[in-house]
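Structures are listed in the sections that come next.
Here come two complexes built around chain A, the first alongside chain B, the second alongside chain C.
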Partner chain A sequence: MGLYDFLAQYWPRLLSGAGITVAQFLLAAALGVAISLCMGLMKLSQNALLRGTAVTYIEIFRGTSLVVQLYWIFFVLPLFGLTIEKFTAGYLAVGMNIGAYGAELVRGGILSVPKGQWEAALAINMSPAQRMRRIILPQALVNMLPPWGNLMIELLKGTALVSLISVADLMFESRQINSSTFLSAQVFGAALVIYYLLARFLVTPFMRWLERHMARKLGRA
Partner chain B sequence: MFDWKWEFTWEILPRLVYATGNTLIAAGAGYVIAVVFGLMLALAQRTPSRALTFTVREFVEFIRSTPLILQIFFVFYVGPQFGVRLSPWMSGMIAIGLHYACYLSEVYRGGIESVPKGQWEAAIALNMTTAQKYRRVIIPQAIPPALAGMGNYLVGIFKDTPMLSVIGVAELIHTANAIGSENYRFLEPYTMVGIIFLAISLPAAGLIRLFEGYVRRKLGL
Partner chain C sequence: MLDKTGFPLEMTGEDTPMVSFRKVNKSYGALTVLDDLDLDVAAGEMVSIIGPSGSGKTTVLRMLMTLERINGGVIYVDGKPLTHMPKGGHLVPANERHLRSRRADIGMCFQHFNLFPHMTALENCMEGPVQVLGLSKAEARDRSEELLEMVGMISKKDQHPSRLSGGQQQRVAIARALAMRPKVMLFDEVTSALDPEVIGEVTNVIRKLVSEHNLTMLMVTHQMGFARDISDRVCFFYGGRIEEQGPPAELFGNPQRERTQQFLSAVREAV
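Showing the complex of A and B:
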């Protein structure tokens, strides 16, 4: 079967798979950004307990494989009475994993803000919360956005693993089509191209736009 | 609540240790392919041919922005369609090696670009051929700054080996899946796999940091 005939027949399934992939990506990204901020700030805290929690979280999620985390959340947590639906388990695992990597970026971004900014905020009598929210974080954000672009691509790729717990994403649909038709080159080739298009023409341009937008807001463009 | 059975844990431990060996072999073999092929990809981008540079760049971008698990499926299933039958190990190593070769080529590229211009000019002034120039002047100076990145991807490849389980490579997750479905117990196998991953990747990351510091001191940075 030629590529054109193949696509004509199977495009609805590939499209619905891609839709699930995008949904997983967006939910995991939102969760990942929230966790990154929390854990990144906690790792910089004066409080040893908060710092310890963040370090443990980051090391566990960066030290093990995403596949292991996904299986653990989906197959082991129910044994503790915490049954999570597969779609939720999918973006939960991917988001928590990315959050650990993102936390290090947040920490690096905050530490890269010049010392004078901290002192100036102190000098005009800002509370620590005000200082972080109004002076430090906006500048840290601009500094850390470029590596976040790479992390978002990793996140998109990570969502392909949710197919292992049968979330019907693009990867899962391609496997299903492959096992019923054996048109491997067509189906996996098409899936590769769809992932590439998502990464190259959606995620990367958006992150570039965000970088420019934030830099302009800080008057640095 | 904690229904952990130590007896069962000890019973499955030998199988998991054996599978750890397979995981390490897979990571090692994949890394060797990635190191060699990555250097070729990096050097191919430095030839005078603009067409070659462009093609290799696009290839690297494509591989880097699509999921490894999909590439593993692609290599494993597309071969037989054209009469090339690859074993799971073989196709797994090709896919993972190729994927990380693209990441490593970027690391090398950074290393090569960090060699000061004077060194290139000096090599030309000494009338070295291109091969001599790279082998004796540029590459030895490009590797040390690239070592940190290379080390991180070694740990990265180790953490990505569980994806090989999907085509039947008997590494850790594959073995844990088998144990789990034989005994209807997933708590111990998956938790042990997580612990094994931590026990290997955390010390490895620490060693890489130490090694990086050592190289920096040696170079007087």
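Showing the complex of A and C:
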């Protein structure tokens, strides 16, 4: 079967899979960003308990395999009475994993803001929370955006693993089509291209736009 | 009333200084930066601090701004302890809350301006009044525009710092500090990072402050001529202590101590 005939026949399933992949990506990204902020801030905290929690979290989720984390959340937690529906388990695992990497980016971004900015904010008597929220974080965000772009593409590709717990994403649909038709070259070729297009024309342009937007806010552009 | 270590819980009376350092010590490990420093600054007084690098002069300002903690002694501002707070009849090291309440009396300008790069000149000035003092945006804008006018920066109020020259940034920074209505202003080598041709625009603003306002000011500077012109008193720091102090005419014209003489002649040769 030629590629054209293949696509003509199977595009609805590939499209629905791609839709699930995008949904998984967006939810995992939102969760990942939230966790990154929390853990990154906690790791810089004066409080040893908060700092310890962040370090432990980052070590566990960065130091172990994403597939194993996914299986833990989906197959092991139910043994302890916590059952999570597979779609939710999918983006939870991917988002929590990416959050551990993002936490280090947040921490690095905050530390990259010059000391003079903290001092100037203190000199106008801002509270520690105001200093962070109004002065430091806006500047840290700009500094950390380029590495975040990389992480977001990693995240998009990482969502393919949710197919292992039968979330009907692009990878899952591709495997299903492959096992019933054995058109491996066509189906995985199509999947490859779709992942690339999503990264190239969805994630990258958005991150570029965000970088430009933030740079303008800083008056740099 | 005295604390058990002999420091007053509060300084009262008509001649209470606006700023008072009492036996203040500061060290970084084995390095002593300030050694039992005693320094009083009267309300409305302009005091310049000069001295070789490493003599502790910038540290004086940084401790007063509570950017750094002291290791011994007490600093009072407007009669009330800054670095400490009274608790059960004694002075104990200040907590964050006490520092925040006392810090409101002090404003500071830095060598490298430290304007907030993500805000315009006007927003830089409004940030403190709105966020910290709780002023409405309209009130904060009026206050900020008036100050930007005073420092000659009103035409650039909507520019971000990256579009401003060093001298312009420093003038905005002065307006930002003044917008908090401090009683004490600290100037930490505010002209050291500037190109020679724009130093005048910043010193002129400070001159204006001295002549038109009753602010208490402490200034660390390397510009001896400027210090001589505008100060009520000049302190020469050496080795974490005040080696010599006095009215500018006396200190510059007839220094008594050998180290002062050496320092001043070295500075003159450099010029």
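Everything that follows uses one rule, which is that the second predicted complex is superposed on the first by the 221 of 221 C-alpha atoms of A that agree within 3 Å, B and C clash if a C-alpha of one lies under 4 Å from a C-alpha of the other, contacts with A are read in each partner's own complex, and residues count from 1 in each chain.
Rule of thumb we're sticking to: a contact is a pair of C-beta atoms (placed from the backbone, for glycine too) under 8 Å apart; a residue touches a chain by one contact, two chains touch by 3 or more.
If you're wondering where the values come from, they're calculated on a predicted model, not measured in any experiment.
S.K.: Where does A:Asn47 make contact in the superposed view: on chain B (first), on chain C (second), on both, or on neither?
M.R.: neither
S.K.: By the touch definition at the top of the document, which applies to A:Arg134: first (chain B), second (chain C), both, or neither?
M.R.: second
S.K.: Once the shared chain is lined up, is A:Gly116 touching chain B (first), chain C (second), both, or neither of them?
M.R.: Second partner only, chain C.
S.K.: Given the superposition on chain A, which partner contacts more residues in chain A: chain B or chain C?
M.R.: The larger set of chain A residues in touch belongs to B.
S.K.: Between chain B (first) and chain C (second), which does A:Ile124 come into contact with in this model arrangement: first, second, both, or neither?
M.R.: The answer is second: A:Ile124 touches chain C but not chain B.
S.K.: Could you look at A:Leu218 and tell me whether it touches chain B, chain C, both or neither (first, second, both, neither)?
M.R.: A:Leu218 sits against chain C, while chain B stays out of touch.
S.K.: Residue numbers of chain A touching chain C in their complex, please.
M.R.: Contacts found on chain A: 114, 116-117, 119-128, 130, 134-135, 138-139, 142, 217-220.
S.K.: In the complex formed with chain A, which residues of chain C make contact?
M.R.: Contact set of chain C toward chain A: 65-67, 96, 100, 103-104, 106-108, 110, 112, 114-118, 120, 127-128, 131-132, 159-163, 173, 176-177, 180.
S.K.: Which stretch or stretches of chain A touch chain B in the complex?
M.R.: Touch residues, chain A against chain B: 59-60, 62-69, 71-72, 75-76, 79-81, 153, 156-161, 163-164, 171, 174-175, 178, 182-185, 188-189, 191-192, 195-196, 199-200, 204.
S.K.: Using the touch definition up top, name the residues of chain B that touch chain A in the complex.
M.R.: It comes out as residues 1, 3, 61-62, 64-71, 73-74, 77-78, 80-82, 159-163, 165-166, 173, 176, 180, 186-187, 190-191, 193-194, 197-198, 201-202, 205.
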